[in-house]
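Provided herewith is a single structure, encoded as structure tokens, for subsequent inquiry.
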Amino acid sequence: MSKLKKIAMLSLALGAVALPMATMAEEAEVTAADAMAMAENAMFTVNNVWMMVATFLVFIMHLGFAMVETGLTRAKNTVNILFKNTAIVAIGLLTYTLIGFNLMYPGFAEGASGFFGFAGFGVAAPEGADGLINYASGNYTYWTDFLFQGMFAATAATIVSGAVAERVKLGPFLIFCTIYVAIIYPWVGSWKWGGGWLDAKGFYDFAGSTLVHSVGGWGALAGIIVIGPRIGKYVNGKVKAIQGHNMPLLTIGAFLLWLGWFGFNGGSVLSADPGAVSFVLVTTSLSAAAGIIGSMAASWIIQKQPDLSMVLNGALAGLVGITAGADVVSVTWAIIIGLVCGSVAVVSVMVFDRLKLDDPVGATTVHLVCGILGTLFVAVSPDHSIGPQLLGVVSYAVVCFPSALIIFLVLKYTVGIRVSKEEELKGLDLGEHGMEAYHGFQFFTNV
Amino acid sequence: MKLIIAYIQPEALNEVKQSLYDAEVYKMSITNAMGCGQQKGYHETYRGADIEVNLLKKVRMEIAVNDEYVESTTDAIIRGARSGNIGDGKIFIIDLPECIRIRTGEKGPEAVG
Amino acid sequence: MSKLKKIAMLSLALGAVALPMATMAEEAEVTAADAMAMAENAMFTVNNVWMMVATFLVFIMHLGFAMVETGLTRAKNTVNILFKNTAIVAIGLLTYTLIGFNLMYPGFAEGASGFFGFAGFGVAAPEGADGLINYASGNYTYWTDFLFQGMFAATAATIVSGAVAERVKLGPFLIFCTIYVAIIYPWVGSWKWGGGWLDAKGFYDFAGSTLVHSVGGWGALAGIIVIGPRIGKYVNGKVKAIQGHNMPLLTIGAFLLWLGWFGFNGGSVLSADPGAVSFVLVTTSLSAAAGIIGSMAASWIIQKQPDLSMVLNGALAGLVGITAGADVVSVTWAIIIGLVCGSVAVVSVMVFDRLKLDDPVGATTVHLVCGILGTLFVAVSPDHSIGPQLLGVVSYAVVCFPSALIIFLVLKYTVGIRVSKEEELKGLDLGEHGMEAYHGFQFFTNV
Amino acid sequence: MSKLKKIAMLSLALGAVALPMATMAEEAEVTAADAMAMAENAMFTVNNVWMMVATFLVFIMHLGFAMVETGLTRAKNTVNILFKNTAIVAIGLLTYTLIGFNLMYPGFAEGASGFFGFAGFGVAAPEGADGLINYASGNYTYWTDFLFQGMFAATAATIVSGAVAERVKLGPFLIFCTIYVAIIYPWVGSWKWGGGWLDAKGFYDFAGSTLVHSVGGWGALAGIIVIGPRIGKYVNGKVKAIQGHNMPLLTIGAFLLWLGWFGFNGGSVLSADPGAVSFVLVTTSLSAAAGIIGSMAASWIIQKQPDLSMVLNGALAGLVGITAGADVVSVTWAIIIGLVCGSVAVVSVMVFDRLKLDDPVGATTVHLVCGILGTLFVAVSPDHSIGPQLLGVVSYAVVCFPSALIIFLVLKYTVGIRVSKEEELKGLDLGEHGMEAYHGFQFFTNV
Amino acid sequence: MKLIIAYIQPEALNEVKQSLYDAEVYKMSITNAMGCGQQKGYHETYRGADIEVNLLKKVRMEIAVNDEYVESTTDAIIRGARSGNIGDGKIFIIDLPECIRIRTGEKGPEAVG
Amino acid sequence: MKLIIAYIQPEALNEVKQSLYDAEVYKMSITNAMGCGQQKGYHETYRGADIEVNLLKKVRMEIAVNDEYVESTTDAIIRGARSGNIGDGKIFIIDLPECIRIRTGEKGPEAVG
């Protein structure tokens, strides 16, 4: 933008309460009120900058998910996985614009049941300062709020994507995502973050171990059950490994997710509050690190050799685990949570496998199991107790799992949810997209 | 001794391996290959440009066997690889006058197994 | 840095107008003016932090471009593409230091024609507060300004790189880039962002649909025409597909570009103004999302199966399209712009192909076609009209395209611009660099 | 987080000195002191936001290192390299929590020798404002400080990882890292950044050319010497090339490192001071760019063809070189430093190779050689002289190299440091992890 | 029947395929190979260390034909693959006593085509 | 003329190449292969699921030689490839009635070398 218009624009931007910087020059008679206005405006601006940065970090998590899923699946299904993850971001943002945001933050009236609310279609910022400095007592603008929350939305669906990978039909899956992201996620989200009934009950979920990860996890579990295991995963009763094809991409994904989590958790403070945010970043990082150590130990002991894919799952497990209580647990507890979630993740992946629940990327383990664990771990903090936490976990379970199950079943018995045996063997890249992910490279498609 | 060369569909590999095991043929070598034959190939469209793929992914198996095993081996391959569709593949059988096991230096029939 | 020197340094940094934090301790008699100074300084600091973050985001776009180009081309030319993109960043930054910055922002005198200006070689910050808080009425420092603009510069050349990939000679191409980035880009940029004649004419281009993307796009078109199609692209009149070799890298690239665009557009507000920036981020994101949906629909309908490379081009198309008017169009229009650019992109790629203009990565479609579209779409906003927008589009066309054409032609008939047939078949990695991108991997170099 | 509790939380967060934003509404009688408090709080918040952003950038450098190492080594050792880099981050953060931080910043008492100090185990923020606005005169919180420094810590070990790649035993290597990161790095770091004796001697190292990079580099050199070259690197006296397997990953890594360096250097200003930070970003970028040009020239001349891996090393060389003086050298000198380091890097890589010091990724060149160069280049700035810089370089050499050597030797003669010949030929992925990095892909493991 | 094995330059593949089509040979299998022969290989310098590459990328074709087709097939390959430069490659022809089409079980000459 | 096909351990390739050079055999073609034989394979555990890998990475060499070279060639291969462990591999020798050098059209023995 050309710099000429700036000064004009700025003074405008500072809104009602602010002084045009212009006055900086001629040291006019400034009153304390002027100074305070400018100071509050500066505070508003920095809070908003922080929330925007957090938004970027959450955005990049979608690339992280895409890479983790790609790395843990086979080369012949890569294009399909990348496609799904790209489409989900778009679907998530657009449906959130249309209805999600107003479904999640309906602004429940006093004494409302707080079970369901909808503030209408589309998004529009309140006029003037009400959409700016006054919107969230100087923490962020209406638009920042919308975008930050919108970036969260798609996450729930992305989690499902990995679990049903390598066999799900593209079209029907996108339909599932649309419904789940547009309605289920924001609706149940309103119970807590929308200030609904669960919030009233004292349930605590700082950044979404339950509201985001478990919600996605329940969807994943439902999907896995309805669609069934991949061909070759269980051969006459025996569990067979189907190896992922690209460990560097998996690693890129895991690190990007960790990076994104700084925004996911750090941004959930909903202001740049130095003390609160920096503390959250520390608990988040230490839990992730502990998750690595925990899973490394478990993997080394159980599998004899340390499994990279397990250790990276462990890092994510630690991150999901700390998400519910990142701001209320102590540093020590953050490390414990990481160690527990990390080691549990290793066992959990194996258990799901033996339960014939074929989850190529461990989404159910990382997001559902550790999401629940993390939510319960909140109880270790002085001002929270196990009761409401259990209530929360159960409430989301009894709504999300069945609804996901129903959506998937309806799709299964109408348009069908699974590709043909031939297509699955040949790979979804050729089947659904008529493309190859690594054209010219030689790899065995039958493995 | 004979050297049996078979081109099969990649998807069929596991079943072929299985039926070879059943036929007590445990030794084989496979490589990645691309083939074109009656199977016409398919059309990808990449960025809107139609692309006719006529070299399709195949798996090439090479199995050296003693003469008495030829029949059972080819049958096993056919059992595992036949889907009845074009593209199932071919088996080529050539004479194998000599075979050596590197580890022991053994030669001939006993080296094959 | 050791923390001892901090307090001294800081008070220094705060410059003339500020109070050393030191005084925080002993609550001295503070006047409203002191407070105001501190507040303005805080505002200056946050504005500058935002602009620096935006700079980082624009920087990472270069990695995005590198990955998109790599993904959409063949494995045998990968090293060459990575090399070009690395070199371009360096060339862009250094030439911008030497002349670009002062060519683009010459500070036209009153009544100057505003057609050409040059403020001299090299960069140097004004003394004291003039290079700091007073440089841009408290929005950023001289150095932030320089670096942010410098990161933009290389982009124009990068766009060309993709279009002529897989056949262009390394040396000559780098010469082209140097000239184009050092002179053409900043010179024509000065017309608008430098406050030149087009700015006076009321032409509007918020973040560079025209100034950056079209400028690059015209260069790309010229390059394609001069260098001709890749061997095997057009076989006796028929258009043949030459498939890219790495879809995960393509996806990484596209997501990094989207991420970078938050800085590209968000930073173009040239301050951290909460209202303006957050709104721009929303229009940017929704246009990208709509670009995905638009291209997905078009691709699914036209190609029967949804093509990942098209959908990712669609996202970029949406981003380029919104760039010119991100701050002035409504949310609804942002979505429309995305849908239009996304679907147009799919068709455009096919049209260029049939016109025998061989553009491996769709640079002309994404940056030129959607750059123009986006520039014209500005007219839908109340305070802008189609006239000046058309004038702008045409002015850049008639200068950039011919000049790029001339540079390429001169190179072609002197040092030569295209590698030998043998080298093209063998791949530029071995030809230009004597290296392989994926040593040890087996892939067909003849595809 | 639900927005209800926000206002309460915030006023809390603002700490002793601040006014609850709430008062914004009813324009109460505000005093200049109130305004000043709010302004200082805003300044504190933006400083802290900047430091958090810098922390994220340093974090992502670990992914950068992982990718550079992966790209420059063989496909059969990829999982192992990714695993090491993941584990190192966790080890670095956790050991830094346990002892590192308090070893590096022991807060030497007046008149202390400043050679060794330890402030006790674990981390805990001072109560109230002392851990917040007063902790670092309003520049960042205790927790931000800890996390920023913690992210640096792991770097030193990561540098070693690349140098001994493709032959080092996993377990023993992790033991080395733990010791080196937990004790050596923070201990020697305290000499300068902890305000120890070298700081008193006037030694200057802005962001760690010596404290981070040389320290890592000495460890790398020791490792290389103890473990010996990879099989096939030196065949009857002749130097053989062992090619890296993935140039796109190498490029991703190098760009991520550059990105991270914005935080590494920019954050080392330890405040968001607009003038200081933006200047540092400029010198950093220009030195990196010049490093590319310098290495490109050297590579083109010496190797006849420009080597991508050399040019990316060159960029890193420029970054390491500028790190010591990024805030004190001029723009011109920044470019010179880049050119020198970049071209020296090319030669240095070849020299190490001929000295039979087998360093697969050029860690010794980039981090040790250029780390030393950069430290000495500080002397070109008016207020610094060569004496203390030499003293610093030597001091770190005589402590780090021997201690690393000892650790490695002890490991070698106890648990053993190198994998078996068979394992090395087969690859560490199968040997140490029983996994493949690219399952299903065909590549020659014998190359 | 004969089994024709040809090593050609990767770049030549498309032209060879074309000339085989012209000679009405539509069935073939190809694999990636590395070869060394008279063609001395080239020198890459990777990070300054000279590396002598003597195993060069080649494409291996395997074509089973009936005896009367051998001539035309080899001619076609030569036509497509010959550049006159060292490295053009080799053709090996071996006897193929038996051939089976997996899909149908057909044997002998009619299975080849 | 004979066509020698050898399956060896990937790790052994360089040594085999060396010993072939010593035996003045300079021409060869190699491809990537997977093989199973007496060597039982190994067990990876990927994400806790045990996976029995019985197709192991091998390198397939193809060397056409004139009859008088067969012995020295096979000896050279064995020298380079033998470790005494299961998995060392196999050598198959088949007749090669005809060989053509694409570049020159030369046929027979002189085309082989």
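The chains carry the letters A, B, C, D, E and F, assigned in the order they are written, with residues numbered from 1 in each.
Please note the rule applied: a residue touches a chain if its C-beta (ideal position, glycine included) is under 8 Å from a C-beta of that chain, and two chains touch if they have at least 3 such contacts.
Being a predicted model, the structure only gives us computed values, none of them experimental.
Any chain touching subunit A that also touches subunit F appears here: B, D. In terms of the stated touch criterion, the partners common to subunit A and subunit E are B, C, D, F, listed by label. Chain pair A-F has a twin interface among D-F, D-E or C-E; that twin, with over half of the contact pairs alike by residue number, is D-E. The chain pair with more C-beta contacts between its two chains, of D-E and D-F, is D-E. Subunit A and subunit B have Cα centroids lying 47 Å from one another.
Between subunit B and subunit F, the centres computed from C-alpha atoms are 18 Å apart.
Taking each chain's centre as the mean of its C-alpha atoms, subunit C lies 52 Å from subunit F. For subunit D, residues that reach two or more other chains under the stated contact definition are 32, 35-36, 38-39, 42-43, 46, 49, 53, 133, 243-244, 246, 252, 303-305, 307, 309, 434-436, 438, 441-445. In subunit E, the residues that touch at least two other chains are 31-32, 34, 44-46, 94-95.
Every pair of chains meeting the contact definition is listed here: A-B, A-C, A-D, A-F, B-C, B-E, B-F, C-D, C-E, D-E, D-F, E-F.
Subunit E contributes residues 3, 26-32, 62, 64, 94-103, 105, 111 to its touches with subunit B in the complex. Across the complex, subunit F is touched by residues 239-241, 243-244, 302-305, 307, 309-310, 346, 349-350, 353, 362, 442, 444 of subunit A.
Contact residues of subunit C toward subunit A in the complex are 17, 32-33, 35-36, 38-40, 42-43, 46-47, 49-50, 53, 57, 74-75, 133-134, 136-139, 192-195, 199, 206-207, 243-248, 251-252, 254-256, 258-259, 262, 266, 268-279, 281-282, 285-286, 288-290, 292-293, 296, 303-309, 311-312, 315, 327, 331, 335, 438, 441-445, 447. Residues 10-14, 32, 42-46, 57, 59 of subunit F are the ones that touch subunit D when the two sit in their complex.
Contact residues on subunit D toward subunit F in their complex (touch as defined above): 232, 422, 425-426, 430, 434-436, 442-446.
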